[in-house]
Amino acid sequence: MRYLPHTDQDRADMLRVIGVETIDELFRDVPADKLLKEAVDLPRHKSELEVARLMRRLAAKNRAAGDGPFFLGAGAYHHHVPASVDHIIQRSEYLTSYTPYQPEISQGTLQTLFEFQTQVAELTGTEVANASMYDGSTATAEAVLMACRVTKRSKAVLSGGLHPQYREVVETLANMEDDECISLPPDPKGNEDLLAEISEDVACVVVQSPSFYGQLIDLKPIAARCRETGVLLVAVFTEVVSLGLIEPPGAQGADIVVGEGQSIGNALSFGGPYVGLFATKQKYIRQMPGRLCGETRDREGKRGYVLTLNTREQHIRRDKATSNICTNSGLCALAFTAHMTLLGGDGLRKLALRNHERACRLADALGAISGVEVVNESFFNEFTIRVPGDAAALVEKLAEAGIVAGLPVSRLEPDCGLDDLIVVAATETATDDDIAAYASAIEAAL
Amino acid sequence: ISEPLLFELGRDGVSGVDIEEPAAFTPRLGGQERQAALDLPALSEPEAMRHYVRLSQKNYAIDMGIYPLGSCTMKHNPRLNEQMARLPGFADLHPLQPVDTVQGALELIHECGRYLCTLTGMASVAMSPKAGAHGELCGMMSVKAALAARGEDRRTVLVPASAHGTNPATAALLGFKVVTVPAGADGTVAAEMVREICAKHEGDVAALMLTNPNTCGLFEPEIVAIAEAIHEAGGYFYCDGANLNAILGKVRPGDLGVDAMHINLHKTFSTPHGGGGPGAGPTVLSEALAPFAPLPLIAKTEEGYRLIETAEDCEEKPFGRMTAFHGQMGMFVRAFAWMLSHGADGMRQVAEDAVLNANYVRARLQDLMSLPFPDHPSMHEVLFDESFLEETEVTTLDFAKAMIDEGFHPMTMYFPLVVKGAMLIEPTESESRASLDVFTATLRDLVMSAKAGDTARFVEAPRFAPRRRLDETGAARKPVLRWTPPASEAEAEAAE
Amino acid sequence: MRYLPHTDQDRADMLRVIGVETIDELFRDVPADKLLKEAVDLPRHKSELEVARLMRRLAAKNRAAGDGPFFLGAGAYHHHVPASVDHIIQRSEYLTSYTPYQPEISQGTLQTLFEFQTQVAELTGTEVANASMYDGSTATAEAVLMACRVTKRSKAVLSGGLHPQYREVVETLANMEDDECISLPPDPKGNEDLLAEISEDVACVVVQSPSFYGQLIDLKPIAARCRETGVLLVAVFTEVVSLGLIEPPGAQGADIVVGEGQSIGNALSFGGPYVGLFATKQKYIRQMPGRLCGETRDREGKRGYVLTLNTREQHIRRDKATSNICTNSGLCALAFTAHMTLLGGDGLRKLALRNHERACRLADALGAISGVEVVNESFFNEFTIRVPGDAAALVEKLAEAGIVAGLPVSRLEPDCGLDDLIVVAATETATDDDIAAYASAIEAAL
Amino acid sequence: ISEPLLFELGRDGVSGVDIEEPAAFTPRLGGQERQAALDLPALSEPEAMRHYVRLSQKNYAIDMGIYPLGSCTMKHNPRLNEQMARLPGFADLHPLQPVDTVQGALELIHECGRYLCTLTGMASVAMSPKAGAHGELCGMMSVKAALAARGEDRRTVLVPASAHGTNPATAALLGFKVVTVPAGADGTVAAEMVREICAKHEGDVAALMLTNPNTCGLFEPEIVAIAEAIHEAGGYFYCDGANLNAILGKVRPGDLGVDAMHINLHKTFSTPHGGGGPGAGPTVLSEALAPFAPLPLIAKTEEGYRLIETAEDCEEKPFGRMTAFHGQMGMFVRAFAWMLSHGADGMRQVAEDAVLNANYVRARLQDLMSLPFPDHPSMHEVLFDESFLEETEVTTLDFAKAMIDEGFHPMTMYFPLVVKGAMLIEPTESESRASLDVFTATLRDLVMSAKAGDTARFVEAPRFAPRRRLDETGAARKPVLRWTPPASEAEAEAAE
């Protein structure tokens, strides 16, 4: 077997050194009737060629985003990632190293995490960020837990513009923790009355902008009301590229900013692995979940980096930990940081502008079709359209024509009377031809 | 040589990307235009490449040498799996595409799950947890949901003292009361002890969370009786699967009475650790817990694979959702490729070689280092304690740092907590005998050196690493968690 | 521009340090009327996304070998290359380093070349090998030049089993050098009378086995005759995997062994870059072309490696050099060595056996079809078939059916009366289904 | 730490590959079965990966720092180009497939050639030469073929003293007599001198081989007159294109009267050097030489691209064939991607930045180091000689080795031969100003140190490299070109 260095001779020699006759003597603590006598009922080992053939066959059964016009977002975005980013994360030294528990021989990972934290804090307009979470949805749930810890209250209010699956993740955890969760109804246009829900018994209010439906939300009045009532404002985004063009939540007064970082540096990968961003104010750092990397000095006074504030974590605090999270999303965070380093602030702004422009052109093209209505007045690279009849059936029909047309809202929000809505995204990867193809296909399909 | 921070290298006007300039158009940002400064400098591509390559050279990695972190299973990461994960049909696939356009992806997840169930002898699997601790949470949530479905509000969870820290953290997060099960003198848990505690908390026992093989590297000999005890008390048996590598294809947790177990794909199934993630923590469930698995579910039907994303859409009673989308697809691809490559025969050999290697290390070191639990064979990792350093001025920490100077990554230190100054060594099946010989010879030399009083070799260590010992206390006391521009040039230079 | 680190400000500052006003002052030695006033007539710079899109579009116009049944060899072979090999050669430290002129900081490259030389010598059954040539064809030409230097004669005899394009390369160089070249007529069955051409005025005879047509040739009688006449036997192979199963040329008495190493570690890549193997006897090392890596010691007595015998080379000898070759095929040699290290002798033998078995099954399947004749009695993974009528037209027809059926001999040997021959190869990548598909397609096409 | 040779690590019975076992069949090897032993040990994949990763760490590379080898143009290698070259539609393509199945490949080669012709102002291009020296050979063969077509047997080739060593080697290989053109005191070639030599060899002058910018880093100011002189003498003007980077998009060699020029795609067009290759040496030709380009040719027709592989198939008079197949496709893909990425504007900027950087280095060092040819501006590289070391005991070699200890790759040493102890520095356009500032500051410090008499810093160097200075003389005297198994274990150990 190509991955196993021992020969049978090696094995026999090593057993002799150990002082046993057979390998199963080392398994003698296993109840004899439970020790399997032979291999489990799965195929035998395969050559690399066979495995590659099989995997390629599976991959070929999928329609990749790059295979044609593609306008789906809704929490994961089809962007171009520079080749150098992938090259960097494939370096053995990053790819095959562990969590940097031995900082003296992990400065590569640690310094990149420190750079990551700085970038995330700057992007979100906050003071500090952690070294990443699993993804945007779990980061949102962790933000709610943290808000409960900080405020010592246990009720969360979720905006109707929050991604439905994010909402479910928060609800699931709240339900398990016996916390209360008020989820407002789906709100495509961003005109719900959130302020009415904010009161002194609420731990936090969770608002997404751009919303799941693409609507841009002004967080400032919400932040003001939160301040009055001692409620924490948790601001969520699923499209981090938007921060290149729109006012960051931290600058609008959000207390905790969480979001999905996939768009920068990371492939769509059918939903994971992604990289959750988590940022907040300096005063809350000891209540933050996840890993933190801090600057320090070595014995000779040289600058270096370590994981810090570990006392919050479960391997020290055990049942008193701030979170049960252990792993972060290190390699995805590195991809984010490398891509962000190539972009810089200016590049991100340009990228964001290009995205916005593509989306505006798409909105114009689709809005011009009779029967199609663009629901949102302001948006970034994503918006919702209303179509006559069943949106899900229309999306399927367009898929057969080779066009991935967006997300029918009913897929995630069944039975809400939103069966005529499609959430549509356009990134820098959408060409003029793609946009024209979509418009003419939808026109033909209606 | 120090590598500056990118913020110290970058400058305005440089760019590492080229982006098409849009033709004129009317923005629709509704007054949300960014007003705040966005002060992030860029590097050109050559500069960025150099920055990250140079930084990488300050890391230790599996590809450079043995990485014997106990309980972490740092094994070889096949590059085939990286290639496969990058096929456009997997990497460039959106989680919410029409299901007809992602049949291969659903098939892969379904098959990957089937392999995991077969290997563990369990009824079903929740694929979506993002990492080990998340899988634990998933398992314990399904326990809570099952109890709720029974109409019971049990609150007591038994956790052995030797457990991973995530176990009590998870239980506490879900509102359970953690009751510690003390370890026996031989490092294992006695069924009798479990029975006694269950009796004391009669009617309130929700679950036992046990790691097997446990964190002392021992297989729990009474595990079947322990499972029976917890089941008789009306609780469920959660098994921490972090150490699955020791028993892969040799013992099925399902046969031992386990109700739920998370699987670290980034340990046993070799998906790369990547400096701390991403991981993946699929959680296998027994018949009893299977109906409560979280969304999404994937069902194989005559017309192809169905993706069930809402509770309305299925007959099961999912307790909710752990994450947006469907889990760590990129990791499923890698893990599935690993399973196909090894096959049933190769995976069994993996467990045998992993156990063989740990016991070989033990045999080569046990005369010089101290083995707290000599009565049981080790499984995939061997635990020493610091009593062999008693007469010296060297601590476990010093000893570990001295290994760095010899070109090795240290073992896990001070864990598990049940022994003093623990040193937990897990070589994995990826190490050759020659590699283990060099490794153990070096450790022997270090032990001799410590006993001979060459304290400087330890307390001064590491001397040959990119950094000397770092001030972790200072870092925590006054946390500096981000770079901030120096107030003036002069200050910047003074800081260097 | 993403690859250029300077800002306009940097440029202005640097010009000031240099002491000129404009960049064109530094170009003042260029005749003023020749200095271009503006950019040449090509498109402006493109984003990575645009370049990738354009390149993918070009790539999509080609039919990759892995896209379906594939049976073409004739000097380049479709093999599976382990993923780890590509990972290794993409390491920055190998990919972006230069020829190891500074050995103290090039031991990585040098040691792998030393390993390469050892592997090639062992595989070919010779004493020493160089650090690689451009490819098999140019290595063959260099072998002929070297034979002329060694024997001080100037006539080469080329077997009719030599790859036609190898023959042309040798002829072109001989023609340019005013040497004589006797090329025997194409010899599909390997029954030409080569011994009759070997005499005291000949510098070398060049024989390929397996031949271009797949025939295995017994080199021993030719070697014996060469020894009698002071002629050097240059043995050529295009399929290095064959050396896992057949007697190596060195062991059969060849004086110089050259060949193509592409099959091990290297992609087809439409014909290049490949890696030429060049091996010979110890006594000829000072007449060898190309780079050589040798073992030595450093000042502290530690083993190390250097480029050696450089006095043969053109940067020292200039017009007295043994060859004008400067570059080798370093990265392809590394790929070869890494793949060969994974294989080892046993693995190569198994791979060769699998190839031979596939070819035998293919020969059986094709030979069973009425009208199709397998020309060769012995072969490795490649053989020639005779079909009724125009082979080239048949191959085109099969290509339309999705099957790459081999090489019609007339493509490289027009006007030789061999229009009914196809050279066909089967490697480990050919599945039973592929073979069956080929057989039924050819049956249907006839 | 020393990394053993793979032969010392490997052992029988291990394998780094799995290969399907064939079912029984009857071999058809006709008595040619291998009898000779095949004594090549294997490594398992984890061992092989570690071996080659560890070895790689003993190399210096562009991705680690400036690589200022004069005349080598060690610039940034974009990874996009690596990705593109690995698209199955390019990498997994056989050179002899039916032409209808490779239209994209032919289009790419044709377009790549068109770009090269446009950039150089030449009529056509031979794409197949495998590297620079091979391209030179191609150019000079086309000269020879053109002369033959004229019915002339001219034998004299003029080569300046400062030329690359491959120039005279190439000429000699083709049976030409090499006549050296001495360099002027200012480092350039005088047209008058060329005219004189042509007169002396009247009727026998085949060609002039000139490098421009020349190897002293200077643009030949009289190049147009030189071209006229050689043309008037009935010869052709071959230009060595190694230094094209200096004039890319700024001057077209075709406008200067050049008849043939090879282009190193692995220099100007950034295809990676890979530790010594593969390169690629497309050769552009003037109208006069175009008909004699070697096979294969690619023609664009109404029905698509045609591939012309035999002389019978075309109207031109190809002089033959340089190599099997069609040249270094993998390099064409990379170079073409590079050209598309830079565009006409970016390539012009490349030349300007390369020249700017070289002159910046010159400006920062000229007060301390000695500039043999101060009268002309440098182009993309700057040449110093060792006279500034005269009063010290430090040689150019020592100076270069001391740079290694400072973390830099040395410049080209002792080339060109026209000055004593040459040091030729080519930073390329990839270096930032900050990088050049650190580099030149280090060189200044070294010069000061040498002048201050700190000889040890030089003659002992390198001290911090994986190896101290290696015995090259010993290596050449008793060449050991391959590993051989040690006669006995004892001897093996003694050897270490």
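Which chain is which? They are A, B, C and D, in the order written, and residues in each are numbered from 1.
By definition in this document, a contact is a pair of C-beta atoms (placed from the backbone, for glycine too) under 8 Å apart; a residue touches a chain by one contact, two chains touch by 3 or more.
Here the structure is a predicted model, which means the values were calculated and not measured.
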item	value
Pair with more cross-chain C-beta pairs in contact, given B-C and A-B	A-B
Subunit B-subunit C separation of Cα centroids, rounded to whole Å	46
Chain centre separation (subunit A, subunit B; CA means) in Å	19
Subunit A and subunit C, separation of their C-alpha mean positions in angstrom	47
Overlap residues in subunit A, where contacts from two or more other chains coincide	1-5, 45-50, 52, 56, 66, 82-84, 86-87, 90-92, 342, 428
Multi-chain contact residues (two or more partners), subunit B	12-20, 43-47, 49, 53, 57, 61-64, 76, 78-80, 82-83, 341, 430-432, 435
Overall pattern in which the protein chains touch one another (line/ring/star/complete/other)	complete
Residues on subunit A engaged by subunit D in the complex (per definition of touch)	1-5, 7-9, 45-50, 82-84, 86-87, 92
Residue numbers on subunit A that touch subunit C, as the complex places them	2, 47-49, 52-53, 56, 66, 80, 82-83, 87, 90-92, 342, 428-429, 431
Subunit D residues touching subunit A - in the complex, by the definition given at the top	11-20, 43-47, 49, 53, 78-83
Touching residues on subunit D, where the partner in the complex is subunit B	1, 9, 18, 44-47, 49-50, 53-54, 57, 61-65, 75-76, 78-79, 341, 407, 430-432, 434-435
